[in-house]
Amino acid sequence: MSLSFIVPGLDEATSEKVIAILQNRLSQEQEAALVLKHAHWNVKGPNFIAVHEMIDPEVDSVLAQADETAERIATLGGSPDGRADSVIRHRTWKEFDLEGRQSTEDYLKALIEYYDSFIADDRKAIAELDELDVISSNIIQDHVQELEKFQWFMRSHLG
Amino acid sequence: MSLSFIVPGLDEATSEKVIAILQNRLSQEQEAALVLKHAHWNVKGPNFIAVHEMIDPEVDSVLAQADETAERIATLGGSPDGRADSVIRHRTWKEFDLEGRQSTEDYLKALIEYYDSFIADDRKAIAELDELDVISSNIIQDHVQELEKFQWFMRSHLG
Amino acid sequence: MSLSFIVPGLDEATSEKVIAILQNRLSQEQEAALVLKHAHWNVKGPNFIAVHEMIDPEVDSVLAQADETAERIATLGGSPDGRADSVIRHRTWKEFDLEGRQSTEDYLKALIEYYDSFIADDRKAIAELDELDVISSNIIQDHVQELEKFQWFMRSHLG
Amino acid sequence: MSLSFIVPGLDEATSEKVIAILQNRLSQEQEAALVLKHAHWNVKGPNFIAVHEMIDPEVDSVLAQADETAERIATLGGSPDGRADSVIRHRTWKEFDLEGRQSTEDYLKALIEYYDSFIADDRKAIAELDELDVISSNIIQDHVQELEKFQWFMRSHLG
Amino acid sequence: MSLSFIVPGLDEATSEKVIAILQNRLSQEQEAALVLKHAHWNVKGPNFIAVHEMIDPEVDSVLAQADETAERIATLGGSPDGRADSVIRHRTWKEFDLEGRQSTEDYLKALIEYYDSFIADDRKAIAELDELDVISSNIIQDHVQELEKFQWFMRSHLG
Amino acid sequence: MSLSFIVPGLDEATSEKVIAILQNRLSQEQEAALVLKHAHWNVKGPNFIAVHEMIDPEVDSVLAQADETAERIATLGGSPDGRADSVIRHRTWKEFDLEGRQSTEDYLKALIEYYDSFIADDRKAIAELDELDVISSNIIQDHVQELEKFQWFMRSHLG
Amino acid sequence: MSLSFIVPGLDEATSEKVIAILQNRLSQEQEAALVLKHAHWNVKGPNFIAVHEMIDPEVDSVLAQADETAERIATLGGSPDGRADSVIRHRTWKEFDLEGRQSTEDYLKALIEYYDSFIADDRKAIAELDELDVISSNIIQDHVQELEKFQWFMRSHLG
Amino acid sequence: MSLSFIVPGLDEATSEKVIAILQNRLSQEQEAALVLKHAHWNVKGPNFIAVHEMIDPEVDSVLAQADETAERIATLGGSPDGRADSVIRHRTWKEFDLEGRQSTEDYLKALIEYYDSFIADDRKAIAELDELDVISSNIIQDHVQELEKFQWFMRSHLG
Amino acid sequence: MSLSFIVPGLDEATSEKVIAILQNRLSQEQEAALVLKHAHWNVKGPNFIAVHEMIDPEVDSVLAQADETAERIATLGGSPDGRADSVIRHRTWKEFDLEGRQSTEDYLKALIEYYDSFIADDRKAIAELDELDVISSNIIQDHVQELEKFQWFMRSHLG
Amino acid sequence: MSLSFIVPGLDEATSEKVIAILQNRLSQEQEAALVLKHAHWNVKGPNFIAVHEMIDPEVDSVLAQADETAERIATLGGSPDGRADSVIRHRTWKEFDLEGRQSTEDYLKALIEYYDSFIADDRKAIAELDELDVISSNIIQDHVQELEKFQWFMRSHLG
Amino acid sequence: MSLSFIVPGLDEATSEKVIAILQNRLSQEQEAALVLKHAHWNVKGPNFIAVHEMIDPEVDSVLAQADETAERIATLGGSPDGRADSVIRHRTWKEFDLEGRQSTEDYLKALIEYYDSFIADDRKAIAELDELDVISSNIIQDHVQELEKFQWFMRSHLG
Amino acid sequence: MSLSFIVPGLDEATSEKVIAILQNRLSQEQEAALVLKHAHWNVKGPNFIAVHEMIDPEVDSVLAQADETAERIATLGGSPDGRADSVIRHRTWKEFDLEGRQSTEDYLKALIEYYDSFIADDRKAIAELDELDVISSNIIQDHVQELEKFQWFMRSHLG
């Protein structure tokens, strides 16, 4: 990795470590947006419209997270990779394998499980970033607060 | 493929053919949104801000196209697959292989080339859909009008 | 039927045929708005609020369709009849006969059945209008795209 | 009529009387919306655009009245009937029988006459509701204030 | 109770009676806002998101009622007491005793019961205020119309 | 007074009595708007900006009251007189005689006194209108609720 | 007249002359707002709604002129008099004497005549203010541009 | 004509034919905007304000049509000519020759006649474009739907 | 306390400690909203309107804090208690005991004193939460920043 | 030229002179809007999007200028001629002769040259109007301020 | 000073004189924005919130003045100097020397004194610019109208 | 430095240290707003409009930072000094010395260099504030995230 420039107050080695962590988060945020839309389109059953509509603001939220993460990588002099192949290449978590028209319950269960690793990996990233760059850590902290809240929404549906 | 239901006035075989065409278009529309964001983050050079900002409304536009295409699949009784792996599995066009921070010119050239096959495939889909379901054809016609206009924007930059 | 004037490029006989088709569609669009409100007020059960609110934008949508259809009739030199008695006089489809406070499921099933003939008749009108006046056909094509999507919403509820 | 529940502070007999009065008003409010649109589409002559546009906000106003009346019926434990056939079945007033493209003056005269019975029946309902349920009376009082103002608008046109 | 001033046209004794009635209503309106939020946070089960979101506009509505009631007390020369201890001290109705994460059905049942006394007490206040100050009565009449409509929403959920 | 027409359900004699009451109220509402602006421009002292800005929404409010009152007169078949000379000719209350740049306290005291008769006369009108036309009474009831609230604002300033 | 203060760059005698001119304009602007509303309420005939609605934005415009003129007087250290009696006391132009429900044509003719003196007096004021205070002259220049345009509107109606 | 580039899926000869048709339409759309404004400024008579205001949204609509047509030409690799001289050089229809302040009826008659050829030429272009480029045809179809509706507005005025 | 679920990356004991701290903060945030409204209604004196209006946005702010805190408790698997009795049961700070119509100065002094403990307790909670859950700590940090700013507003009033 | 009426305070000869000057300005303002759109569609090169978007608000601005100028002509009793042929007939300046797809630099140079005469002619008109009608002069002064600012924008691009 | 270009109709010497005058005004406008914010942050006492909030729109207003003045300099071919050192270098008026937390009265007195020279210098600039460039003079005339009105606000506070 | 009051939970010595750090940051934030506007007005060359417009939102952003920093100083009991002389007196970084109309590249290079010290000093302040007052540290952390992102924008332009 060769950086275009360095943010004042960070050195190159630190920047590279931060960028590597953020690229991994970027890929999962991008995938989450695809997965949420996938569920949005395929849910069925008596809570269809409520769950269908509950998911859309979370898609916007996760897309905004990806934008913020990618622009932080660029700000640090790195080059974010945002293509579909990059998402798969950086995937260090279990892929989302529910497909077809299924009940809202089945999709919510699968999404809750997906969010388990999403949140856990974000919290691990925060712990590492705290030692490297507090600004980048703040960004992911805001993301995880939102993710945890949405997980509560989903869990509450399963009662 | 087994459909959940059939739209009044279409038969099952026709519906399945329409769905197969739309799924292919969905995957490219989803990938295009990722590719455009990828370019949005990585362009550099004297036209940086103008190109950076020109791309964002097109991302929204292509995301809305994907949503419309996927919901048409669901409307026809099918199940749209919107995951990252699906994008790659359905890819019948050349992937986008420019990466890293590059000049606005290089990214625009690569995007114009990507749009060449995007538009050509949309026009081919329109021809096929015209024989099967005029409503689905209308949807892709609106998409290609927008794509062609954005390609003019990009071509005009290269002068 | 005596027309007040003729649109440039259409002859009188064609105009009269188009108007007759559109008057039939107008009456069903007006009735659909009444039927949807009727359901909106009478649904009950655990998905009450979600279904109650899902219906309202569709009422607005169908009212706008009726307005566009009626103004097309007037544009062609005809006189749209929009009174309650006209709705019943032009009814060539099965009336909506569910009444009283019933479960969301019962109302959705009855509405899906009502939409079956609504959509089928719109598609039949499109086929006829294509030979007479492409502008009028376009108008009904846009209407049916919306109706089919809303039918998917309702079908998804029944899972 | 069997009610689903009773509002705290009202008894069942009173509720049923209020509901019967409100159902009659609902049907006329629904018909008025159809009649106004009918006029909106068919007026012609030198004041066309002014009268055409003056009517539309009144349509919205009367649709909102119908919604409020129907939801009051439901609130009282009743089941509002909002279908076209119900409008005609409950019609205790003279139907609107002007049709075809006519001058703005002719339509305004016919509407003023229609409003004469509309307002008179609303005022009669208020007198009855005052003895039964002040909240329901308040609702119709607000409706008649608006109707009387619109009748002034129409009368002023005829000078 | 010593008043700061008297509204023109009311005497002191009347004003004091009105204020006492309104203070009681203020306390219940304030408590209702707390109770509704409490339910908003604790509901769970398959209708979670729909019920969670249905409650929030009612919170705003009840907070606005409390504001209007309190400002009417002040307008009459009195001093509204809006503290938590005041809510409990003025409580002449049964407290809301459901707690912990419970199903949407359980919370709706408990809220319907709470609204039974809320509405009954408002209607009783209206009867008393009609003899004292019509303006104050109008205010509570508007409040009870809204409360009864929300109770219908809740009852419809239980089907 | 000769009326242009009669509202359905009212007789001519009643209409004339209502119109006479409303014309008196119209003149005071119009004068109040002038008086409030007069104060708005001439206040001075340490609370200048707060009082200056507190008055403006009340001007809008009173202008809207005058518009509503005048349009009610016209709705009843009468002819409202809204000229400056009419204000003075109908003046049955004490004119506002504070002038020149004065302290906020002096203007508020004078306005409170002016509102004393304004409110008292509105309440007297309500009592009379209740026997004649409940819709007209409702209109003035809403006006006086607003006036009394603004008087509280002014009184609170004087502490 | 004793001024509270002097604007930097103007002397006291000049300020007093400017204030006297502006007070005269203020009174006519205030009266014009009353006269326009008077016409707004009393017009009748086939162009009722168009003329009724054409007048309202002009009322807002003239009220804003009065506000600007009065605040300029205050800015110059003077005290604007905005009461109804002041309007009549300062009246150096012919009062508006059309009353009762009359045709749109009659009201427009009377308003055009009223605007003749309104505009002529504004232009005379501009000529005098140009020698005294260019800022005050600018204010009245903007007013007269608007008045002349509205007079064209009215004249065009009479054709 | 030498094109800068070709849209994927169209050949050069086809593109040139489409561009020639669109340039002709562009010139008339641009002229129509000028003609409508010309009428907007010169109408007089008892319906002045209604007709004056009815025209303005149509100006915006026709300007947007010209923009869409010109950008389609550019999208196809052509160069739209949008100057006044180009409008006249491409004029294959009868110029608009009414001038001076005239009655609303005279201007509406002249505009209706102008729209006769405008619409007829648009419909002829649609027929030709259908064979060449469906996307370009769609664009003009949307334009003619709007033009025909506005012609109805104008015809209704003449009653 | 038995939790419904655990946020990924937190253990049950930690979650329970965080929830206990947040419940205490929730109760004070809810009480603060009541106390601020109480002051909003009862202040009087020369700064009445400025202080009355300064408080309202702070009420919204504190209500939003309570909502965020309660939803964090739910997100962590706990059950927030938001009833009036809960506020009093959790009160570990001095209650607000000023009542009746009092001067703005007296209410501001009492509120400043109330905020002293509010802020001190929030800062203590931050210190504890920093060791348990950084996301919860961030939430309260944002709250205290707002509270301290509002305290500056109040202190500035006392000069 | 025969005028329909005269503005109070101007004589006929003066009005005619003012109208002649304004008609000349109107024609150039109308042409400028066409020329700017022409450039908007035909620019190409690395600054395409920035220049393309910079031009659009100026089109709106110049269209608004033409509207204001034409309505001033009508206000003075004249009849503005706004047709394409009128633009050419009144052209006393050099036509814009750049065409085809050209670089942003070439179009900006041509536009700057066009604005040189546009501004110079506006300034000459101001000098003449100052002696005839200050209100008309004010209008063109505001126009030229905007034109000069846009010319700075264009000049800054050429560096 | 060497200019980049000359506005059509002005010569170089005139342009340079205008620019020198405007640069002086720019520096004071920039300083005024800093001074007003300084007061905004440091006022205290019983009118704190009213004065604190009254100042903010004036900051926006003065920043907009500086922007307009600087862009006029650039439009004339000059180069505005907007740095802090430039403000001090161009200062020909008495600096603002009140600091620390002080009463609203003290800050208002100091600001009124600061505005005395600000307005006097603007009026002197207008007199000079009238001979050189009326467009530049118009700009400063609009600025001083606003400044004088704000000075009235401040003076009214001191009563 | 003598403080007016102390925030609950901080001692006086700590508060004074925090205030000194924040005053230094305030001065640079205020200067940055001036410097950015200075560049906004003076840039030229082929990217003029893009860079000119890119800078304006950053000016708003930096002005908001200064406002937040100054209000934090006031919240802590200190007195922010916001005058031009204060900016220069507190300047511990290299002044911005580019002036006159220069290319966008030259201004961007100079701004990037200016931001190097701006960011470095903000990061140094964060490190010190973390030990003193976490709320103040949070404020500057948010500021530096924005500054670093804007520096990326600028660096990307230079490619």
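Labels A, B, C, D, E, F, G, H, I, J, K and L are assigned to the chains in the order they are written; within every chain, residues are numbered from 1.
In this text, a residue touches a chain if its C-beta (ideal position, glycine included) is under 8 Å from a C-beta of that chain, and two chains touch if they have at least 3 such contacts.
A quick map from chain label to UniProt name: A, B, C, D, E, F, G, H, I, J, K, L = DNA-binding ferritin-like protein.
Bear in mind the structure is a predicted one, so any value in this text is a computation, not a measurement.
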{"item": "Where chain I and chain J overlap in contact partners, by chain label", "value": "K, L"}
{"item": "Set of chains whose contacts include both chain K and chain J", "value": "G, L"}
{"item": "Listed pair (G-K, K-L or A-C) duplicating the J-K contact set, over half by residue number", "value": "G-K"}
{"item": "Whole-Å gap separating chain H and chain J, where each centre is the average of the chain's CA atoms", "value": "23"}
{"item": "Rounded Å distance between chain A and chain D, as computed from the means of their C-alpha atoms", "value": "53"}
{"item": "CA centroid of chain D to CA centroid of chain F, Å", "value": "32"}
{"item": "Distance between chain centroids, defined by C-alpha means - chain E, chain H (Å)", "value": "60"}
{"item": "Chain I, residues touching no fewer than two other chains", "value": "4, 44, 46-47, 50, 71, 74, 101, 155-156"}
{"item": "Pairs of chains satisfying the touch condition", "value": "A-B, A-C, A-E, A-I, A-L, B-C, B-H, B-J, B-L, C-D, C-E, C-H, D-E, D-F, D-G, D-H, E-F, E-I, F-G, F-I, F-K, G-H, G-J, G-K, H-J, I-K, I-L, J-K, J-L, K-L"}
{"item": "Contacting residues of chain B [partner chain J, same complex]", "value": "46-47, 50-51, 54, 104-105, 153, 155-159"}
{"item": "Footprint of chain I on chain L - complex, ascending", "value": "4-5, 7-9, 71-72, 74-75, 134-135, 138-139"}
{"item": "In the complex with chain L, residue positions of chain K that touch it", "value": "4, 30-31, 34-35, 37-38, 41-42, 44, 66-67, 70-71, 73-74, 79-85, 87-88, 95-96, 99-101"}
{"item": "Of chain D, residues touching chain H in the complex", "value": "43-50, 52, 101, 103"}
{"item": "Touching residues (chain side chain F, partner chain E) in the complex", "value": "115-117, 119-120, 123-124, 126, 141-142, 144-145, 148-149, 151-152, 155-156"}
